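Each chain gets a letter, A, B, C and D, in the order it is written, and its residues are counted from 1.
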Amino acid sequence: MSTDADKPWTWSEDTWRAKVEHVRAGRSLAPARWKDGARCAVALSFDSDHETIELRFGGASYGKMSQGQYGARKGTPRIMRLLERHGVPATFFMPAVSALLHPNEARAVGASGHELGIHSWIHEFNSRLDHATERDLALRAADTLEKLSGRRPVGMRTASWDFSPYTLKIIREMGLLYDSSLMADGEPYELLDEGAPTGIVELPVEWIRDDAIYFNMDRMAGLRPYTGPETVLNIFQRELDLAHEEGGLYVLTMHPHHIGHRSRIFILDEIIRHAKSLPGVWFATHEEIARWCATEAGLPARA
Amino acid sequence: MSTDADKPWTWSEDTWRAKVEHVRAGRSLAPARWKDGARCAVALSFDSDHETIELRFGGASYGKMSQGQYGARKGTPRIMRLLERHGVPATFFMPAVSALLHPNEARAVGASGHELGIHSWIHEFNSRLDHATERDLALRAADTLEKLSGRRPVGMRTASWDFSPYTLKIIREMGLLYDSSLMADGEPYELLDEGAPTGIVELPVEWIRDDAIYFNMDRMAGLRPYTGPETVLNIFQRELDLAHEEGGLYVLTMHPHHIGHRSRIFILDEIIRHAKSLPGVWFATHEEIARWCATEAGLPARA
Amino acid sequence: MSTDADKPWTWSEDTWRAKVEHVRAGRSLAPARWKDGARCAVALSFDSDHETIELRFGGASYGKMSQGQYGARKGTPRIMRLLERHGVPATFFMPAVSALLHPNEARAVGASGHELGIHSWIHEFNSRLDHATERDLALRAADTLEKLSGRRPVGMRTASWDFSPYTLKIIREMGLLYDSSLMADGEPYELLDEGAPTGIVELPVEWIRDDAIYFNMDRMAGLRPYTGPETVLNIFQRELDLAHEEGGLYVLTMHPHHIGHRSRIFILDEIIRHAKSLPGVWFATHEEIARWCATEAGLPARA
Amino acid sequence: MSTDADKPWTWSEDTWRAKVEHVRAGRSLAPARWKDGARCAVALSFDSDHETIELRFGGASYGKMSQGQYGARKGTPRIMRLLERHGVPATFFMPAVSALLHPNEARAVGASGHELGIHSWIHEFNSRLDHATERDLALRAADTLEKLSGRRPVGMRTASWDFSPYTLKIIREMGLLYDSSLMADGEPYELLDEGAPTGIVELPVEWIRDDAIYFNMDRMAGLRPYTGPETVLNIFQRELDLAHEEGGLYVLTMHPHHIGHRSRIFILDEIIRHAKSLPGVWFATHEEIARWCATEAGLPARA
């Protein structure tokens, strides 16, 4: 039975089925009703990577490091003020190193009623790690966030949404409530571990609803912010409109060092205004939404 | 006589002519009239690749695998509902492995009056295979689709439109009615095999009329969905308008994991509405169109 | 005196000056007046590469070859009809192999009063050739076009605008009237060969005024047609408006296999309409414009 | 203590802290008031790289060299006329080799009341140099600009904003007033050298406010000018609007060989017009702004 990665057309059915089923979407956890009879749930999230975007590649560029620092220095404060003005909660996923570099930010997030979630140690790619290393980094990341914010995180978003063969097993061992790194659906679903239900809620992301793919700038990698901000708003709004029409979930991923800029912050402002103009929108943290879905579906209580 | 691929300026005329004529567009099969006197034929197609997009590269990323699963879980159902609401047929090209992973989808396509077409085994690149392997995979793909849907497919779309030196010979041996992978014209044409007519109808595609080129997201390859969906609609509509004006054929290629998203499905809806607003549009499967053209041109009957 | 290409900061002044002055823009040849007192000269050009775009890379992809064939089969005829309807001339630059594959097209261009210009042998990159090979291919290309069209070409556009260290010397030896491959100005200028005037007219191109950079699609190279056609029209029109305001030259480079598509041909139509709506626009071939500029500047007569 | 660049997740806290703090943003130098009570400071800058863009890569492409020459021949004059018409000052950062190739341009910039700033020797990447080489090139660059313009430059913008581990130490040794290559804030700030204040003013740039990232064209590197000029104007204007609203600084980076083209110069025109339409905008050179901020903050006098 060949498993030659370069020749998948030679694989046996067992081989490709095993790959597909190793981590997969199980039953839908879209609830029959959202909290207080809301029609749609809006989960705003910010991956507060800051300097770790450059550190994870060796930290050789001071330009890129300063670009990351902008996120902490200007981006997050601008976002926090906007969220406060609108009175809506959000979830901030912070790499542990980013939280250690900006402990006041990590504390302020928790103190403002927002949620702080796990987002790797130093924005490492999980798929380059062995099981023991990935596990160790995940545990230390949770410890770090707990120590800084006073509360143990209950959810994880993998860095670069790089979900390794070991990630789900680590999430289970850690007893987390939810993950938010996969994209097999628009609605919440239960993760399957080699076909078996896990009780873990997946709050699905999508590159479409991620500011980075339109705005990333990497001089050497050829990435450029080619898409105008009004087009990005248009895309984010269309995703929201149909989520609302379908009575579903809307997860938006942003980055303080992208959306936090002067020419882009209006996108977040407009999305919140638009959501508020729709009837029956529940703004909630990832944790609140995951708990709601888990309870409605009768999943056993977790973290 | 040099045939050094790196120095084509040293090639003899025989060499470059042989390359050009190995597989080429022959006479136009644009019919004098479309069915029931229609002015324009609209052929909607969906390449239902789902998880095979990642499997074909070794299946190492669970994020990309979930992106593919979205196509099966949300994209195709959303598309099928839309087609049903508008009452228009379409052709779904499914890799055999995708059909085996989603047998109900393969069955439902056939049961809904849509067409199911060959689209490789596991989305392999044909140009990396030898003749025997490509032939074996094509035959097994046809067998698989027949077994699942109860009907033997009559047309092929190569994965990634990667037409190898052997593809046409395999299509002929299989007795297929049509191919839909090449782009030498906007109208149907007869394929030439080393200069000789084959009786095979080509229903030409174009990257311009493919949602993937605007919407593809590949973190490592630098591909990003930079083009806004309203611009994509504008392009697709311009292609349709001139096809209609010229009394021709309009083949549109889409993917459930691209067009099936909340911010994009309106493109398909608008294209169908626009086509319906034009006088004399015949919505048909690839098979129906190929048969019509073959008959009108007096080609001998095939599959 | 170091000339290490990897360490240009170690170069002596002689070294970098020699590189800059090897081929350079000399005096402006912008005429005091255009023909018949026109305010602005419009030079439409089409690089009729067709299958050579793929042949030059070894010709391994039948998909790309069919994309090129589209240029000959649909693109050029559509363009020729449009030019005829508007009654405006243009210059078609054809690789010799493209002309040999489509001799009727080469003849028709000449017979329609358009100009046929040199555009390499098989779309090879000049910078990969030695002097003797580049010279041999240029001479054979000129012979081929002359034999097919009955008239010896007087101007050259290098393939991919890849101007080698030998190109200018070959142009001089061939006694050509003009080149159209460089971009040091918006107006015509005289080329300098190691600082000395050559009498050769440069009709400058620019990637900005080239349809390919917005519309190119190369699956493996990551190039995608991300820019919408209405944006491309906007750019082309802005270039034209200021050329007209400044009383200058407007050279537009297009490709039958790009601009010739149903969703793009309107760009050419609109540009011609817009130019006609402006007062005092002279539509002319590259040859006519080069001759006019040469005469007005008192350059000695050439080809 | 591991510092393996490929495995940053193994780094000790000392290691990543040292990397982050080597060069970093210190206290904000945003002044309580701008000159004459202005609400917002606008700093237009032009990186006059011209032929050095190609020379720094070995200078092998005459096409790219001509593209650079366009900057000197058409771009800068068009920009200078526009600035004069509007009566606004700007800062021109010139590589020394560019200034030596275009000495009249370097002189004209100074004579017109604009500022001439350091911008490397030949547009080299600083991060590829050792300390001694980078220092030698910076000093020779300053000497060259002083000799040509009659005034010693007081500020630096690194080429490609490539700030090396040695750059800040060289800036300090040279006694410069300011740097404009980093992006940790939108407002001016004081640079920290391994945690210690330096008295150097950073006038932060951002790729978002750089014309090159939208307009760059590099045939071989896959860079294309995909973003339409009206979108670029929209982005630049949004950045300006919020800078004005916040009472802050607006640094715009442009290049004569990009913005100087016929289809793009309107962007600069519109930005200046828009800024003039806002109440209380102070147009100033980088030097004037840096001096103002330094004085307001009580920093010791420098260059």
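Here is the rule we use: a residue touches a chain if its C-beta (ideal position, glycine included) is under 8 Å from a C-beta of that chain, and two chains touch if they have at least 3 such contacts.
Remember, it's a predicted structure, so these values are computed and weren't measured experimentally.
For the two copies, chain A and chain B, the CA superposition rotation is 90 degrees, given to the nearest 5. Residue numbering shows that chain A and chain D use the same positions for less than half of their mutual interface.
Averaged Cα coordinates give chain C a centre that lies 35 Å from the centre of chain D. Rounded to a whole number, the gap between the C-alpha centres of chain B and chain D is 49 angstrom. For chain A, residues that reach two or more other chains under the stated contact definition are 222, 226-228, 231. Contact between chains, as defined at the top, is found for A-B, A-D, B-C, C-D.
Across the complex, chain B meets chain A through its residues 51, 55-63, 65-67, 69-70, 73-74, 97, 100-101, 121-122, 124, 129, 133, 137, 217, 219, 222, 224-231, 261-266. For chain D in complex with chain A, the touching residues are 5-6, 8-9, 11, 13, 16-17, 19-20, 22-25, 127, 160-165, 167, 181-186, 204, 206-208, 213-214, 216, 221-223, 226-228, 231, 234-236, 238-239, 241-243, 246.
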